[in-house]
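Next up, some structures in structure tokens.
Both of the next two complexes hold subunit A, though its partner changes from subunit B to subunit C.
For the complex of A and B:
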């Protein structure tokens, strides 16, 4: 399956590869841990997928405050902006 | 002044279940002690002498002329550690203890010792020595933040000088970092070493590799956190670059890793590890969401990902020596067959099998204790070779029988290992 083009959809697509939830059922307000059942190790995996997919230099040290799907999308946007600057 | 460091013995798999020696065509590997004592020895003030006793090699309960006895033990060695503490105190020797069990259960250890050190030890150790010299030893010392970049390399020569005919490890552990921001349910490291990932410098790591190399030893890079994206894997990658540039491919025996970390690591970095001389991963299972679900018969997504992880190691030409953990709540009797089938189909050549053990200080222990499911507090049985809690879908005896069957059947068609060279046939069991 081709990865979707816009940032929101691409992040959601990556999350859906780690949890048994379809992309269309993943919403920005959902919490990665409590709503989607991710644990700290799967969040680490998500982080690497984001780093690879968006070519970002982002590490575990940058994500202490990221808890929801929306915050994940925001993080990617901030790092993309940093990269472009 | 003189300190006697003591490393208490514990039961390995083949000691707890000698029948394993019949089934498993591998060498039993008596590994290095934890780096704990070597780390404390490295910062011992100059006016202190030291002696080291490894209780696995020779009974450590012998009289000593030391002024202070310092015990270091993890949970599997705690029963023996407390016994030794009683022995030395009965000899009138001031006795202190630290390490993972003491960190998790300081109140238990304090009943047997004059002082305990909770958590990462270097800072508290220096304070303890000062207080001891001044005659004011406190009962309990807490972790003092440690600047890793300022630490000398662990004095591993303490262990190497103690080697003998039956104990000469090929490799010794080298840490790239301490602390972990993740929270695996069965791991004590975020508690003992904090949740902050702190790296050593590349120069510190290289010095340790060179020191080991000069003694004909290799390094095992034990921390799976070395693969964490960001600070973790940047240091690891620069170490690989260094080894490739220096042509030092033979200096690392294995690197610790987990399936999610394999999946999360770009293939290019795994291939670089191989070029740096890494031929084997110690692939630890049972702590992470992939291996906890893959063999339950109920999660095809994680099973597929487990196959993908092994295929990725093989593609990078790195042998995944895999540790399977049996007996968790989602496991049933069928899990044994599923693990065996997976091992065979995925192409795993070497494996070890362990029983899920809720170690004190971990989230699992807390939860199971609250649920009244901890069945044993005989700490020597906390060695991944006994079932010490009540699983949901299995009896403790079913867990033990499943574990023995895993060892037996996995190795049943691998008698050829008996003729292989030492390196090929050596595992820890």
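For the complex of A and C:
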């Protein structure tokens, strides 16, 4: 399946590659660990995939407070804006 | 395992340890247990009468209300006599009852804790499934709501104490329960629950006296009150329960290693080669010193871990303790077999059984390779946020350099390279053990202990150097397997 173009959908698409949940069932309020069953390794792997997919220069220290799907989407948007500035 | 920080409870635990030691010397025969592949009922009842099954359970329900550290010292003592008994008790005190104690309701406590504290009922715990081990997100055993009940379907594997447990804490997938789209929860299961059955005993390489079974749920109906803690919060609860389980298992590793060490020292003093006792030979002396040092560090790390009050710190320490102690116990047991010569290969000597018994500790309660990746992830995340530390020992500084170089080179991409995280985890475990050993030795200022700590620090240095200069790279690995390189993600 090709990755969707808009940011929200692309993030959700990448998450769905790491957890056995369909993209349409992934919601912004869901927590990566408690709700989607990720652990410390897979949640960091996700953030790594996002940085690569969107070509963002994100450091480990930038993702310390990212716990939900919505926060993940927001992180990507913030760094995309920085990149465009 | 001697307490390195003495307080008002130390005497209580010392007295109980002494009672347990005398009981085990009288009643526990490891070779008989191994040969019969079962622990005599009288042994379990005797330990129950001593209060062993209730040491960490609340006093209000017949337990002793002692701490994780205290339980570790008891499990260590048991493992010196028999690892099957130690694992059965350790499982009961950790994985088996910790969830109920911490997250259970008053009604759940009243129903089960008195029986669990006396040993009338023994606890078991289960997450592993035929298709899911360390990956909790892959659980296939599902519990669905049906009015006032939960209907459970699925299978579980490798359940310690499964054959005689009176209560099982079981991790299940509960889609939609608790508001989460996909969550895992914990449920409490009794052996007589309709639709629930315990499978046959597995035949194992070691720990033959312990019970290991599968579980089957076929339309099993449990009252909704069997949910433990908040629905959908399984991973959060499991993190704490597994921390206890891994720490207690590590304590058992210390006891197995202590047994091997005692036997080997005695043998080396009695056995004469080239006109001198083995213990007088330089090569043997060095190996005995390294065995002592490793065992000292294992104990230090277990005690340091058990004293952690913060859940996150306990989780990280328990990863390091589990890996370091399981590998240490295997190494010490292997050295014991070697230094016994031909006798070491003979079952009657005793150390061969320990070698078989401790092998599984590198596998169960989280395979070491998986845990090292988690430990590496935790260390890298922390180091990247906190930066290089000042006024730390050389070996700690070397670990900082390694972690920070991984971060500066790979940024977030490092989290898609499990081999790097694994290597960092391996170095971290050694450095944490070295830290614990140094702190323990400084408390006593005993010259022998200070020497142990120095020896461990040297090995930790070597571990960091080894981890930061891997012998293989992706190109070599792929060439060796005859594969074309397809990128970082297989």
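As a working rule, the second predicted complex is superposed on the first by the 85 of 85 C-alpha atoms of A that agree within 3 Å, B and C clash if a C-alpha of one lies under 4 Å from a C-alpha of the other, contacts with A are read in each partner's own complex, and residues count from 1 in each chain.
One rule holds for everything that comes next: contacts are C-beta pairs under 8 Å (C-beta built on N, C-alpha and C of every residue); 3 or more make two chains touch, one makes a residue touch a chain.
All values derive from a computational prediction rather than experimental measurement.
Of the two partner chains placed by the overlay, subunit B and subunit C both lie in contact with A:44.
In the superposed pair of complexes, A:59 makes contact with subunit B and with subunit C alike.
Using the contact criterion defined above for the overlaid structures, shared-chain residue A:25 touches subunit C, although it does not reach subunit B.
Here subunit B and subunit C are compared by how many residues of subunit A each touches, and C touches more. When the two complexes are superposed on chain A, the residues of subunit A that touch both subunit B and subunit C are 20, 38-42, 44-45, 47-49, 51-52, 58-61, 64.
Taken in their complex, subunit B has these residues touching subunit A: 181-184, 197, 228-232, 234, 258, 260-261, 263-266, 287-289, 299, 301. Those residues of subunit A lying in contact with subunit C across their complex are 19-21, 25-27, 30-31, 33-42, 44-45, 47-49, 51-52, 57-61, 63-64.
Interface residues of subunit C facing subunit A in the complex, by the touch rule stated above, are 136-138, 180-184, 232-233, 235-236, 373-374, 377-378, 380-381, 384-385, 407, 411-416, 418, 421.
On the side of subunit A, the complex with subunit B involves touching residues 20, 38-42, 44-45, 47-49, 51-52, 58-62, 64.
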